[in-house]
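Two complexes are shown next, each including subunit A; its partner changes from subunit B in the first to subunit C in the second.
Right, the complex of A and B next:
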């Protein structure tokens, strides 16, 4: 055993004391540092800064609300307000818009491209983004539009599972309503079997003993429903086209969707569709062919949003509706 | 998605990073307990790996917060848990327990390695000598008295460190066990299970490394050390696994309303990871192997091979246990009537590649430490078990 520094070789316990003293000093320093680093008003009212309340109140919100977007994007805003996404804020999909608006207010004609890139807002809509609200979940209200992607694609004959929702639906007018949903007719609440049952039972509730009474379409529209049952689209629910938007426990708004783009959600020919499930058409070519064959004004037919129903209403309803 | 799942449960928030956090802290606590078995309880058979286990505990401790920092959306705010802690939340304890444990480990390593550093100081010159002097805090002398004193301090620190190590990991179990809204987590047994599984993982990682290093470097291994590790591994794994099973058994026996969904969880979503892998493969497997090692007279090569296999299986068992606890508790809907799902991506921020790096880097750091202060400098003479 050697003593490398004889001059320092004092009582051997000295260095132990030194080490623990150092640890003690470090702990005291850490405690003082913690106290110094603590915000001034922290802990006065709770486990937060009292001054933080004022600071938060003074913070300019990063979300503007959809009215902020309407200043410049009036056309898209009009579509958005008309259709079923009217109560979804633009920033839910496009992220907060404060920097975007600031930039364009400051540089109405352009500005630095690097800054413009920073201020640009995302436009891409991934399938997961849509499914965040529209994936079928037991906990969602049944009347809320929700799908199981594989089942939805099988129903529509979509053969590419990677097909994005926006291949058919526009985020701004997802189901191409002709009339504004907020102004649709008030209608008593509609109950459907699948609002309580996982699958539609055979027969109706009147055939089940002690089943609570419920309001169904055929209660008031018996003739129309009977007629519809004999038509090509009878596998669909009435509310597929007569969309029902519940507003409270007793009533909602109901509207008729006769827009040809709504029909084309299922019938437009597209590379990702097999065509095995439903007839597919190239709508542009089809309308030109019809206009030519029936000697109609092609431009007028192309502009008619109800063009499909001119010829194909009988696939849905018969004369009982026309009357 | 399956059954009745609330919309805010679609996203599993605690990812594979939160699986790694209790796994790594378990390795820390377990490795420290092994070193203390020698320092405090005088188990001479573990002397050859006492230092190794101490440094392993320290290296794993350095990396324990890394998965948490990677998981945080704002890691720059991580120190707020120390500056403005909210003691009504169990999570606020982490920083303080971690810091206390780190201090004890650093001190213990310093006193344990002091004599070696003094020797290096004596042999060094120039800048290296000055660095050693700073590391030694000027205490560049040693003799028999100081060596005895160092050992005494190490023993005291190891004694104090045992409850702190148990608290460090028991606290992690407590975090899960105290979440009363989650039937898969909420049990007072949780922190006890975490402590025992931590000890198992600590012994397993040291056994694995000791056998691997001695095999890789063709060193003569101390068979008494291997046998002692194997016995402790056997004993602690039995306690840990029985506790895990008793917890599930008590839930099943009570037949509370939670059991209907937990049964579905176990027999459905967790069937492979929990029943097949964790219990049947990685618990029953090493139990049988270690039982054979303990009860049968096997050739040394076979016996050591079985111990090595058991250590690998038990390291996997504990990782699976962390996965099944952390992920299993989250894929279970709070409605008790549905399940969501989770599978980590490969290259994402909280994905499998990052997870693998976080697990592997401490071993590389151990290797670097070993290069400077060899853990097994002189081949130990083989002793009969």
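Right, the complex of A and C next:
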């Protein structure tokens, strides 16, 4: 160890030892200090406290997901799954359901009303809630269903501007069954003029140089479209009833026809619809009257999705589609 | 005859009701939160397993309708204070002169009420949802002087709130403006990619709430995940790639106007 000259024991060795000792003590002190100052669980996974990670990991979720709601509300969930709103989570409209489920798991027969009030969820969405998605905005993808409320109400003869969307549109009970869409055939993409243009341009797109080729309904269904032009509903687009469901960018599916509930969106007589230009009908009384006259079972007639079309098909299509 | 006593009684009753009310709500929440532990799957106990995942996020700007469901869901899921947003939706409108107009009223928590530009002067318009990019080389992690911001083994940037001193350096360092100081705790805060949900087998609150599948969270290490599938099929971009932060938030249909 001693590297100093052997004859001269004394100062040099002592000093070197002292230096080594001092450095050693300093190192040990630093190590002890670092250990003391280092927070618990530091450095196990990386340069941070593992406890910081586990604390976040242990946080309890707030949103259940729709499967959680389906545990009890299976019936309405089943309907919702078939509706076009199938991708809208229950909790988007009804707020997170954790406390609600907790309460009802704990007290299946109903507990303290004060607690029940805390655990209750809003049953209905406001008009503004629907408009979060469906108000017409320039930045929204054109193919997405959107309205200008005043325009929509004027078109349908709705006088009260506070009328809620759910007065006509039930968010759970599908008008277009998605099951039917799934059965529908893959269809060429139908682009409407207004998907790209702000207003429907005059004339024929084929007259415009370098306009991309488009499928239009009359390309394949010429007879039906020609016939439709002479009918009462000719102001409507084909896809208003034959709903087009773009599942991805390349292909879509199309419905064969609308149904009774769809007709009644415009034609049902309702207190908020006093200024309507379209014919209005009290569907229940009307169906009973028809059932009486034709000696049909009223309930059976009401359950028929094509009930309106039995008599009124000529307002939409003629014999051209009947066969 | 004894109006004062009646006053006393009603005052006593008033106090009792008030105290019951004030104490009742947290007590009830506490009571309810101790019940039915099996509502959600438990978080993982073996932390060595975390490294099996690498979480990434995808935003499809062509599908976003700007409804703000994600913002509302995030707010509720994470208890984000009013006026602060861990995710928000920006609207870009480009006028005929090529000038870009951007807005995001209240982070779009109540969607958008009107268009920014009149139809005649608008060339194109679209929504871009934003959130923490969970960068692989994140500026915020690098600048934290106390090691409160860290990268998890599965690639999520998190904040240790007990460690954070609230210096705000990370808030300035983040090039995407994703961080804020939570006034209630005085510590930095931001999107956790719903870390507490991911490891229970659930997706993030915003991705779940999105009615258009415009937001997808998934495991970049799983070739069959929806995220990887979309990344294979679609063209996508990154925000500010030139900064070298190597973000893991991918944007389908990204426009050069978006910053």
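Everything that follows uses one rule, which is that the second predicted complex is superposed on the first by the 253 of 323 C-alpha atoms of A that agree within 3 Å, B and C clash if a C-alpha of one lies under 4 Å from a C-alpha of the other, contacts with A are read in each partner's own complex, and residues count from 1 in each chain.
As a convention for this text, a contact is a pair of C-beta atoms (placed from the backbone, for glycine too) under 8 Å apart; a residue touches a chain by one contact, two chains touch by 3 or more.
Source: prediction; values computed, not measured.
**Q** After lining up the shared chain so the two structures overlap, which partner does A:37 touch, if you call subunit B first and subunit C second: first, second, both or neither?
**A** first
**Q** Check the residue A:13 against both partner chains and state whether it touches subunit B (first), subunit C (second), both, or neither.
**A** Only subunit B is touched by A:13; subunit C is not.
**Q** Check the residue A:276 against both partner chains and state whether it touches subunit B (first), subunit C (second), both, or neither.
**A** A:276: touches no partner chain.
**Q** After the superposition on A, what does A:22 contact: first (subunit B), second (subunit C), both or neither?
**A** It touches subunit B, and subunit C stays clear.
**Q** Under the stated touch criterion, which partner chain does A:91 make contact with: subunit B (first), subunit C (second), both, or neither?
**A** A:91: touches subunit C, not subunit B.
**Q** So, does A:213 touch the first partner subunit B, the second partner subunit C, both, or neither?
**A** Once the two structures are laid over each other on A, A:213 reaches no partner at all.
**Q** Which partner, once the models are overlaid, touches more of subunit A's residues, subunit C or subunit B?
**A** Of subunit B and subunit C, more residues of subunit A lie in contact with C.
**Q** Which subunit A residues lie in the overlap of the subunit B contact set and the subunit C contact set?
**A** Correct list for subunit A: 39, 42, 47, 132-133, 135, 137-140.
**Q** Give every residue of subunit C touching subunit A within the complex, in rising order.
**A** 24-25, 28-29, 31-33, 35-36, 39-40, 43-44, 47, 50, 62-63, 65-69, 72-73, 76-77, 91-93, 110-113, 115-117, 119, 122, 125-127, 147-148, 150-153, 158-163, 192, 194-197, 199-200, 202, 205, 208-209, 211-213
**Q** Across the complex, what residues on subunit A touch subunit C?
**A** 39, 42, 44-65, 68, 85, 87-89, 91-92, 95-96, 98-99, 101-103, 105-106, 114-115, 118-119, 128, 131-133, 135, 137-141, 144, 198
**Q** What residues on subunit A touch subunit B, complex-wise?
**A** Within the complex, subunit A touches subunit B at residues 1-5, 8-9, 12-16, 18-19, 22-23, 34, 37-39, 42-43, 47, 132-133, 135-140.
**Q** Which residues of subunit B touch subunit A once you look at their complex with the stated criterion?
**A** Its residues touching subunit A are 1, 3-7, 10, 82-84, 86, 88, 103, 107, 110-111, 118, 121-122, 137-147, 149, 153, 333, 335, 337-338.
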